[in-house]
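Below: one structure, written as structure tokens.
Chains here go by letter, A, B, C, D and E, matching the order in which they are written, and residues are numbered from 1 within each.
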Amino acid sequence: MDIASIVGLILAVGLIVGSMLMGSAPMTAFVDIPSFLVVVGGAMAAAMICFPLRSILGVPKVMLKVMLNKNEDVAVLIKQIVALAETARRDGLLALESEIPQVENPLVRTGLQMAVDGSTPETVEEVLRTEVNAISLRHREGKGVMDQLGRFAPAYGMIGTLMGLIMMLSDMSDPSGIGAGMAVALITTLYGAIVANVVFSPFAEKLGLLSRKEMTGMEIAIRGVMAIQSGESPRAIDQKLQTFLPPKQRTQE
Amino acid sequence: MDIASIVGLILAVGLIVGSMLMGSAPMTAFVDIPSFLVVVGGAMAAAMICFPLRSILGVPKVMLKVMLNKNEDVAVLIKQIVALAETARRDGLLALESEIPQVENPLVRTGLQMAVDGSTPETVEEVLRTEVNAISLRHREGKGVMDQLGRFAPAYGMIGTLMGLIMMLSDMSDPSGIGAGMAVALITTLYGAIVANVVFSPFAEKLGLLSRKEMTGMEIAIRGVMAIQSGESPRAIDQKLQTFLPPKQRTQE
Amino acid sequence: MDIASIVGLILAVGLIVGSMLMGSAPMTAFVDIPSFLVVVGGAMAAAMICFPLRSILGVPKVMLKVMLNKNEDVAVLIKQIVALAETARRDGLLALESEIPQVENPLVRTGLQMAVDGSTPETVEEVLRTEVNAISLRHREGKGVMDQLGRFAPAYGMIGTLMGLIMMLSDMSDPSGIGAGMAVALITTLYGAIVANVVFSPFAEKLGLLSRKEMTGMEIAIRGVMAIQSGESPRAIDQKLQTFLPPKQRTQE
Amino acid sequence: MDIASIVGLILAVGLIVGSMLMGSAPMTAFVDIPSFLVVVGGAMAAAMICFPLRSILGVPKVMLKVMLNKNEDVAVLIKQIVALAETARRDGLLALESEIPQVENPLVRTGLQMAVDGSTPETVEEVLRTEVNAISLRHREGKGVMDQLGRFAPAYGMIGTLMGLIMMLSDMSDPSGIGAGMAVALITTLYGAIVANVVFSPFAEKLGLLSRKEMTGMEIAIRGVMAIQSGESPRAIDQKLQTFLPPKQRTQE
Amino acid sequence: MDIASIVGLILAVGLIVGSMLMGSAPMTAFVDIPSFLVVVGGAMAAAMICFPLRSILGVPKVMLKVMLNKNEDVAVLIKQIVALAETARRDGLLALESEIPQVENPLVRTGLQMAVDGSTPETVEEVLRTEVNAISLRHREGKGVMDQLGRFAPAYGMIGTLMGLIMMLSDMSDPSGIGAGMAVALITTLYGAIVANVVFSPFAEKLGLLSRKEMTGMEIAIRGVMAIQSGESPRAIDQKLQTFLPPKQRTQE
């Protein structure tokens, strides 16, 4: 588990809340529930127009995923593939049948099952690549929701501020209220900037990164399956797949 | 029907109107017909310069499409293709002729008709792909209109505000009118931000998403037709096409 | 002729001028020749640095093209190609020689002339594609000039406003002149926003659209020539090329 | 020589200086050496962090190139290639050896020398294409320096203005000095906008255009060399290469 | 070592600090530790959400790399490859085995070892290209961290300024404090602009440039290995690889 996301989130919130507490104004100057509703509710509403309900409802799950992300260990995956390649080399492709249910990686499982069932390498690769494309598209949609939230939050913040300014300006009979009116008007812009730069934008970035990581794992899985099916030597497979790892993580022989 | 777009639109409008009603200023402070004309009329006029009249007149239809979008059920399409593949396998490609008129999907219909008429697989694929490209281009134009409206609305909002400021500044003989003048000047910017972020930008995003969904359905149709023509087994076709579905929607055998 | 561009331009100008006339300030508050020179002259000067003189001098012609654009009728082009294919099928490729001078489309003319002269299909396609690429590049340069004008106009508007503000601020001995000074300073920003959003940006968009339309026509021409040279049946050519048309424009057989 | 760049530069500077002179404030209100140093020096310093010293020192040379650009005459290049093709056709490839030193275009020279030395067409093309890629990369770096300068100048202008505002705001004991303080603060923003929009951005654009022009010339050179080596007829080569010219510049036969 | 980055950094900092010292306000007007924490701490926290902890902790190392970058001498690399090619030509590929440990470039070492071990050229190229892709991805992540820092710093600067403005506006009982309050509020925006434009953005640019340089070196290494394995003549290899050098650095024969 990569705790950077959680630590970063706590740190960012802490710095902002700390600055508010240390300031000359009371904390209440920064709290305004209707402003919060306009900014976060508005951004959510705009995102609901853009995406199917299912994607919006998936936001909490996606955010949890960012904070708890457990990367599949790519080095372990490579080891499993090499072990499978050894079995296939020694006892033939069909000998893999009994081992397939134990394989964790779904792409390797699907691919080997197809190979055992006699599909041609072209068909296996086509099915696996289509699968990966579909996953990549779903990832992009998840990131897209975050991106749009990060774009709409400041926009609704600005809408709120404009409404506040117009209210304040259309009734300036009490000059002493002007400052307070502007302060309230600015709160939506502040909220928009905070939720966009503390939550939505960084989470969208992280989702993109996690997706690229998963794609590397899937590329390894596909290449591994193809190599097993074409009967390459386990050692050659190991060498090929290790190139996907950063040098430090490679196992020396 | 995906009601998210409609719910999102109502929610966004509700939040904004609610904030206006709850504010200290009367609702009339936010209503100014000429300002609305400058922003929405201006954005429409600019879009008319960019696009053919037909595309502009199609905006209401496109917006309705976003709100009522009925996705073709891709799982059903796959079932139909597999059923057609079974007929073709059992009774030959020509046996499809009588079934073609019942096929709903126009690409499958065109493709199978060509196959039955004896076109080569290359010709069938070329015709279908050209068709899909043309549809994709038309989609992009529809999205393009929305994108441009979402870009011009804030621009015309700013033009209106600049005009209002210049009017106000060139006659400051009555200082008490300055606030009201600025309030009116800001209304066009507010309108520009609202129509762009409540309507045009989210609708443009949604159109992009719907287009990508349709493209997936079309890819399935093309691959299905190609597979039927090349005489693949219905089971292999089913497996291949199911990869386009999210895992939960796949039918277990 | 697509009148949308002209109607849009008149509408946008009308809305802006109408708002100025309806405002509380006299129309003269919005007219300032030196400001206009800084914005439009400055944008033109910056564009002159970017592009060869010929491209800048071509701007009025390009703008006229946008407003008067006569799309080549693609359906007519397809009919001509099919007719030529019939002649070629019936009487041989050489029989086209006498018909070539009547062909309007320059790509079809060049391509068929080369085919009749005995060039290989590869050479014909290479020459035609190079030609299309060159045309596409020239289109992009025309659009590029408009894009840059649309980008520099607001920039020079801001430069003008900054100069105006500095002038006003460096001499505030007469407070009553401050408002008028700021009004004048803002005029360049207004002009920059207007010329960019009423003229340059929409015209650049339109040029892009017209170019894409022309590219479709050229793709049809190239595919038609290639199909005629390879001796495909007129009916197959018709079917292939019609896919480029929107469904409603296709001729039913 | 294309004088548009020089005329444009003079025009842009003239318009801005003219507006300053015509304004109510004395010219000295716009001159502030430290502000100039922060903006131009800061942008240069930031660019020095981004690029190797050599690229920064090359800026004056690159700017001179923009203003004095002498396009290689592409029509002349085509004529030379056709003449070389005639020699090669008549007297064999080796007959070119004596003519190579007179060839001006370095790509044609290198390519033909390699062909005469017996390199395979694949090797010749690979070497020439690598060369062109390397030139394109160097061009992009030159344009990149200008782009970054055009991006950093306004940023350092804003930094200067923020510093000026903070200075002014932290000592408001003398209200009559506020206007002058703000005027000085705004000067860096003005300088940033001017150098970016009069010099850096337009010059970056021009460099991109010049690079694309040179690339076309190089493409002609490569295709010419390949055609000569493969023994194509001078007439066919002429026809092929002329397609790169705009229609008006083509020589009629 | 390219000192431009260090000189540029010192120059940029010097210009800004110099301007602060020369200004009318005391230097203390520009120093505010909490503001610094909000901007730099906030940007770091946001980046921590986006990237794994390892990438954030690598920032100082990456910054040092930018300032101390020692480009591998590409000309030397080419000489080494040519020398290896001579050995391979003279004594056979296996004769390289003893020389491999002395080779500095890891790609050349890996590639030649594989070639000596009998891998096919296709496998060698695949392994080397995968390696280069992986390195490129890691570079992009390093640049990505800098890019995000350069994007979040101004955003957190704006958040700080908004908080400061709200504080100031919600208590305007003492008008004489308004100026000072705004000055403090603006400091975070100033800090955000400075760290983004003096450090993060230029360093991100530089990292991109260094990565492209390294990629060229790796392309040379791969092409060199492939050429040695396919037994090309040292002279031909030299000629091919020299094309990657700028003309001045090429060794004349």
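In this text, contacts are C-beta pairs under 8 Å (C-beta built on N, C-alpha and C of every residue); 3 or more make two chains touch, one makes a residue touch a chain.
No experiment lies behind these values; they were computed from the predicted model shown.
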Chain D and chain B - chains in contact with each: C
Rotation angle (°) superposing Cα atoms of chain B on chain C, nearest 5: 70
Centre distance in Å when chain A and chain D are each reduced to the mean of their C-alpha atoms: 40
Centre distance in Å when chain D and chain E are each reduced to the mean of their C-alpha atoms: 25
Chain D residues counted as touching two or more neighbouring chains: none
Topology of the chain contact graph, where touching chains are joined (line, ring, star, complete, other): ring
Direction chain E, origin chain A - full chain order round the ring: A, E, D, C, B
Chain B contact footprint on chain A (complex, rising order): 34, 37-38, 41-42, 44-53, 56, 114, 119, 123, 126-127, 130-131, 134, 137-138, 141, 144, 148, 152, 155-156, 158-160, 162-172
Of all residues in chain D, those that touch chain C in their complex: 2-5, 7-9, 11-12, 15-16, 19-20, 22-25, 29-30, 66, 176, 179-180, 182-183, 186-187, 189-190, 193-194, 196-198, 201-203, 205-206, 209, 212, 216, 236, 239-240, 243-246
